[in-house]
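Take this structure first; my questions come after.
Labels for the chains are A, B, C and D, by order of writing; each one numbers its residues from 1.
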Amino acid sequence: MDYLYILPELILVAVALVLLVASAVVDKGRQGFIPAVTAAGFLAAMVAVYPAIGQQSSIFGRMVAVDGFAQFFKVIFLAVGILVTLASAGYMAKQETSGGEYYVLLMFAVTGMIIMASSTDLLAIWLGLELVSMASYVLAGYRREDPKSNEAAIKYFLMGAIASAALLFGLSLLYGFTGTTNLLDLTNYEQKAMSGSAVLRVAMFFLVAGFGFKVALVPFHMWAPDAYEGAPTPVTAFFSIGPKAAGLAALIRIFPIGLAGLAGHWSILFAILAAVSMTVGNLTALGQKNIKRMMAYSSIAQIGYITIGLAVSSARSIEAIMYYVLAYVFINAGLFAMIILLDERGIGQKIEDYAGLSQRAPMAAAAMVVFFVALIGIPFTSGFFAKFFIFTSAVESGFMWLAILLAVNSAISVGYYYGVVRAMYLEAPKDPSPVKVPPSLGAVLLTGALATLAIGIFSEPFLRLIGLVSPVR
Amino acid sequence: MMLPYAWLIAALPLLAALAIMFFGRRFKNGGDFIGIAAIAVSFVLSLLVFGQLAGGAESYRFTFTWLNLGGVPVQNGIAVDNLTAVMLVVVTLVSMLVQIYSRGYMHGDVRYPRYYATLSFFTFSMLALVLADNFLLLYIGWELVGLSSYLLIGHWFENPGPRYASMKAFITTRIGDVGLFIGIIVLFLTTGAFGFPEVAAGVAAGKISGTLLTVAAVLVFSGAVGKSAQFPLHVWLPDAMEGPTPVSALIHAATMVAAGVYLVARAYGVFAESTSALAVVAWIGTITAVMAALIATLATDLKKVLAYSTISQLGYMMVGLGVGGYTAGVFHLTTHAFFKALLFLGSGSVIHALHTQEMHEMGGLVKKMPVTAWTFIIGTAALAGIPPFAGFWSKDEILLSAYHYNPVIFGLTLFAAFLTAYYMTRAVVLTFFGKPRDHHKHEHAHESPANMTGPLVVLAVLAVVAGLPGSPLMGNWFGKFIHFGEHEAEAVPAVMVMAIASALLGILVGYLVYGTKLVDRRKAIAVTRPVYSFLKHKMYFDELYAYTVIGGTQALSAVAGWVDKNIVDGLVNAVGWLGAQLGNISGWFDLAAVDGLVNGVAAVVSGAGRRLRRWQTGYVQSYALTFFATVIIGVIIYELIGG
Amino acid sequence: MTAASVSQIPLAYVLIFGALLFGLGLYGALLRTNAVRILMSIELMLNAANINLVAFNQYLSPGYVNGQIFSIFVITVAAAEAAVGLAIILEIVRRRNIVDIDKINLLKW
Amino acid sequence: MSLPILTLIVFVPLAGSLLITLVPREQDKTIKQIALVATLISAAFVAYLWTQFRFGEPGMQFTERASWIPSLGVQYLMGIDGISLSLLILTGLLTVLAALASWNITHRSKEYFALFLLLCTGMYGVFVALDYVLFYVFWELVLVPMFFLIGIWGGPRREYAAIKFFIYTLAGSVLMLVGILAIYFQSGLGTFDMTVLAQHKYPVAWQWWIFLLLYVGFAVKVPVFPFHTWLPDAHVEAPTAISVLLAGVLLKMGTYAFFRIALPTLPDAARAWAPIFAVLGLINIVYGALVAMAQQDLKKMVAYSSINHMGYVMLGLAAAMAAGPGHAAAAKLAITGAAYQMFAHGLSSGMLFLLVGVVYDRTHTRDMNKLSGLYLTFPVWATFLAFGAFASLGLPGLSGFIAEFFVLLGAFPIFKVFVILATSGLVFTAAFYLMMMRRVLMGQKRPEYDQMPDANPRELTTLVPLTIMIIIFGVAPSILVNMMNPALVQLVAKLGGM
């Protein structure tokens, strides 16, 4: 019974459609329930993942996989959905263009992400990607009255469209050469023959570029800073975790599995991209004054670290990537909850606006320190272990230079994270009035912080789970 | 049997020191009696110990394993033999007298309890040093006496004099100690033990010999050079006179400075095996004896005169040991302890009365303070070596040994004897006879109280009789009691005659120059101007050291400090600055406060960072261009390289 | 018509045509400044991909149709994309009365 | 072990820290009491450990083993031998004293003590961890609270000092991590268990490089010239209690790592590196003393004296590393001296920093030119300072002497020239301390400080225990030596001395 396995997707779509109608008919004043319903929807979907647990099959003409990998990412995406919803509620309520569409789009985006992660057919993956993208374009421009938001939207849109065109072109070539778009068939395809063909390598380049765009790898990252800065802050939060995670899921399905035969070719590509991304990301982040923009570069650097795992693409490195994604989602969710808080309270997006926050909102500030510490990769946080596993896999597979570069970059990254911590702790607040943390944001912060510590200190169960669901053995 | 309780002799003063330190203030008179009582008991015990050993008892030793470093045991313990016994008596006796004397001298001092506590602590340290049966414990006591000496010299630390003198004393002696330190290490590593008998046995067994042995011995001796203020490390002792006079008497005349001599005597087993080492000892001693005596002839500060005479006499003892006159050296140590303590306390009494140390402000005190005067004169006679006073016998023995050893040394020591007599006469004349030069001070002068004169008398008596045990009159009993297997040097009457002659001659000259108008001193000075000023400036030792050692070190440290601030830390700064210039950054990555490594990297990095940011033009099409340029160029390059 | 009848045109030609079309679209997307024109150029690029898909399908596995189906999806998506794109552009024109993409660079560095 | 005592020691402070976060910031007193109690409990456990410790056993005791990340062979593995125990004792003592010394912290005291306890957890952890990852985790954990403690409660240039400290040590420890992983993979044993990895034989040439990596990581913490420049700044800016822990415990983490990791795991490389090691140790000794002599700032002088003292540890280690079978006995002496110095320096430097803090609280200056005649102004304090100074310059009968004596004694046959040069350090050390006392304690008292109170009971309670221990461990070193001996002998054996 195939539909049982895509129950989560169905639920999401259903709820989304209902909300769409609701937001149209219910007048603006009375839409307070929508976020709650959205969160409930995500939660329901998460529950609906249950029947598929432990299943190992392929449905819809082998287009969609029912496997642990898919479930793993589904759960993560739905968690992202919930966190973002909670984080958005207060902020969106303040917007003049409030209303349900926002949440509807969010749900569609998440649906798209799920499709990306669970499909085993390039066509389906591409469709999922488009779904995510189009929702994202609109979300980026959601604050219509704000020219920056518009600009973010248009830039993201144009770049996105071009990139997906390129990706599509690559796909077409791939299809042309192998006669299939199905990853399972590709896996079984005569691999020797593959690595011979130049056309195929060209196709591979286009694929890398297309997905590189989605996860914002340098040099395909350039949309990200602008989009991050311009988009409404909750949307930025979503961008910084959702689509990236989905993109990574797809990358794992396509390259280490589908195109394993070409490993010799794309491995080096990813290595270079990883090196460039983390370096450029960190260096550029140093100068930023706007925290959202800084976080954009930070996340570019983070993706750089993760991509090392793709370059290595050993069993351990893939598990490392999955662990990293898991950790990263919670870290960034929490971090952005903080950014949203200040934005929402009208305190600002500039780093100097964070001055003296340790007095104004001690717990929140402390939580933020935890997140930064995690992003730097200092022990007792999931961030440390995430980096540690990547690092280990790299050293193990002889990518010593990447490992060292990773270490160096972590040191550099201290520079800009420190800037914020310094503002929060070592500088006096301009206005000492305490900042009240609304419960929804507080929940996100707390979840983020606890998860960051828990996933770090008790990493074993998660590692075991990942070991079970990892597609690469 | 008394010997097993010898440790009490040292322990009591320690307890006294602690008691005074903590509770001294509670008592009306600062708990001085605690110290005196303790030392008195120690003295009695010492006498008992001495008595037993004199009665032919076996020398006693107690050791225990102090440490066990993975199969490398380190023994520690105490021993009482004849030499120790003598030292115990000397130390406890002088110390007791000085403490009694101090009641009067230090009366009403601001830090009276501190003074007594430290004094007792010194006694403890000195006794520990004497009781030690191994180099380790000896070294510990050695440093602790250094500490107490430092504290006592700096007793009046408000004044610049004591402040610098105390520091000078400690550091100068520590320089010597480093030598001793290494010497001990060498001996331990070769003989595998710290204990004196073991080391001596090891040396005898030839575990260490030849040059290495000489080096080791000389290193050990360098410690003695520091403590006993031998040339070239003598400079601290005269300055040490900044301390209270009783302290000078106890530490810087009778006991601590003699520790050096004691050390050599103790380690004689090591020295005896190396003639060259003994030669070094002898020559250093000789040089010191003469040099100090010469300087003493022109010193105007009464205590400085005595200080230099102490240095010179210590030189004598070294000569004695160096030339093989083991007994002689130790014997002179003993007698000297008494009469030099006497002289210092006498001078203290004078200073107490006149509140000055300048002999030019004294004179004609013999009537005012007879006891002080006559005891002082007795001390002088003893020091000058007039029979039958104590100094004569011991000095005579040293001269005798020197005579058998080497004519030059003999001559020089004889000359030193002459000088000694000369400058002491000078001191006596200037202080007690002639017309008072400072009438105001002379008016207020008065004889000191009993608790000060008492010790003087006691010491005066000792200054007379202490020599007898070592004299033929008592059949050289001392020599039988303390000896190092060396053959009894057969007496040479000529030597004795020459000794007495030189002493008398010295006194005569001294009297003629200072007692009578016979010599016009200004003319004399004018004639001997270069020599005069050379001696007057204490042979320019202080100046020399100030410019070389001290100046050198300070310069070095200044350089090091500068280097650390500007080079080691600044190097990275420089890199940073360079990076800053390269990346022409002006304030991106504003860790303005952060320099050093951080700044260096920061500058380079953020320079790069800024350039990279330029890449983000904001024109979406340039983004797209980058995108495709990368892909296409990537493909081309890849295919060219032939992936 | 049958595969044979089409097979007069060699696959290479079709591919080159597709590549040219893609390049053309790219050219427009990179050099035109008018947002709408860029949008149209992008459509060209997508269609280039479509050409490939269909052609490949025809030549490699005439029996199947998944190439065509793929292209149909692409066309649909393209339409949707165009709609979203135009909406965004329209919004900007309304607010700031600009269509020139290179006048839109508040966000940089 | 029925009772997971090591775990308790390590995590009781953490618990206290969490507890503090629950206390409202107004209840300053409660917060301080919690902090003090937490440190006391840990210290009490350490004391209990001391009573239970089986002397004469070289191996690890009280080991606690639990699988943590089996997929990588990472374990939650704790255990102690004599060396660790000595440092635990030191940590226990100093943390309690530091808690007391922090009593006058009023500004943001809640955060302060929370971080302070977190720091304690890190420090304890480093000394008990037997698993590389666990070790690294604690090692890094120390970094963060330290950064804030200096950065928020420090002196005028606190921020500079804090970030400098942070970057230096972070850079160092990252290299260390690379080294650790290299060992992990080279051995191919699939475990991070230090003791197990120490048993494995590694290719010599390879060892050479890894030793270099580890060396840099540890040397920054020690600190060894030329990685030392963070230390004076950190010390000068840090609040008193933190300086105490910094000098007393944190520096020891670096040297401890040599004892625990570098030497036993890479003995061949150790042999190869020994001469360079010795030279740097020598530089620390002499250069540190000279620079200290040049200082005007009392605290900075003490800081540089730390560099000088750690030099003895390095020299002793170097001797043991170079010794080989020929000089086994000497090696034992040297390494014992080194281990002893870690402890002795912890006591003396801790005491001196406390004292500097006391006077700074009153006079608000540390400039020696502005201080004089303090014997008269603060007699009690001055006496302690003099004592501390003499303890630090290695006066026989006090703990420092034992250490320096055995280091030099043991190192002499192996590095004759170096040792002779190093002895000059003895003179320089004496010189700068005496100069300090001459300027600060002696001389006329200054009227402006006249009305200021002498050391108060709380401050005395922090000083007296140190004084007593300095004397005890100076007179009866066997207490400590017997504790460390078996482990050290084993280590020497590992290094090739039989």
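The definition used in the following text is that contacts are C-beta pairs under 8 Å (C-beta built on N, C-alpha and C of every residue); 3 or more make two chains touch, one makes a residue touch a chain.
Everything numeric here is computed off the predicted structure, so don't read it as measured data.
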item: Chains touching both chain A and chain B, listed by label; value: C, D
item: Between the pairs A-D and B-D, the one where more C-beta pairs touch; value: B-D
item: Separation of mean Cα positions, chain D and chain A [Å, integer]; value: 44
item: Length of the line joining the C-alpha centres of chain B and chain D, rounded to whole Å; value: 35
item: Computed distance of Cα centres, chain C from chain A, in Å; value: 27
item: Chain centre separation in whole Å, for chain C relative to chain B (CA means); value: 98
item: Numbers and ranges of chain A residues touching at least 2 other chains; value: 154-155, 158, 162, 166, 225-226, 287, 418, 422
item: Junction residues of chain D - those touching two or more other chains; value: 159, 163, 167, 171
item: Per-residue multi-chain contacts in chain C, two or more chains; value: 26, 29, 38, 101, 104-109
item: Chains grouped in pairs wherever the two touch, ordered by label; value: A-B, A-C, A-D, B-C, B-D
item: Complex contact set, residues of chain D against chain A; value: 25, 67-72, 108, 111, 133, 136-141, 143-144, 148, 151-152, 158-159, 163, 166-167, 170-171, 174-175, 177-178, 181-182, 184-185
item: Chain B-facing residues of chain C, complex; value: 26, 29-31, 33, 38, 101-102, 104-109
item: Complex contacts: residues of chain B adjacent to chain A; value: 588-591, 601-602, 605-606, 608-610, 612-613, 615-616, 618, 620, 622-624, 626-628, 630-631, 634-635, 638-639, 643
item: Parts of chain B lying in touch with chain C, wherever the complex brings them together; value: 613-614, 616-621, 624-625, 628
item: Residues of chain A touching chain C in the complex; value: 123, 127, 130, 134, 137-138, 141, 144-145, 147-148, 150-155, 157-158, 161-162, 164-166, 168-169, 171-173, 175-176, 179-181, 225-226, 229-230, 287
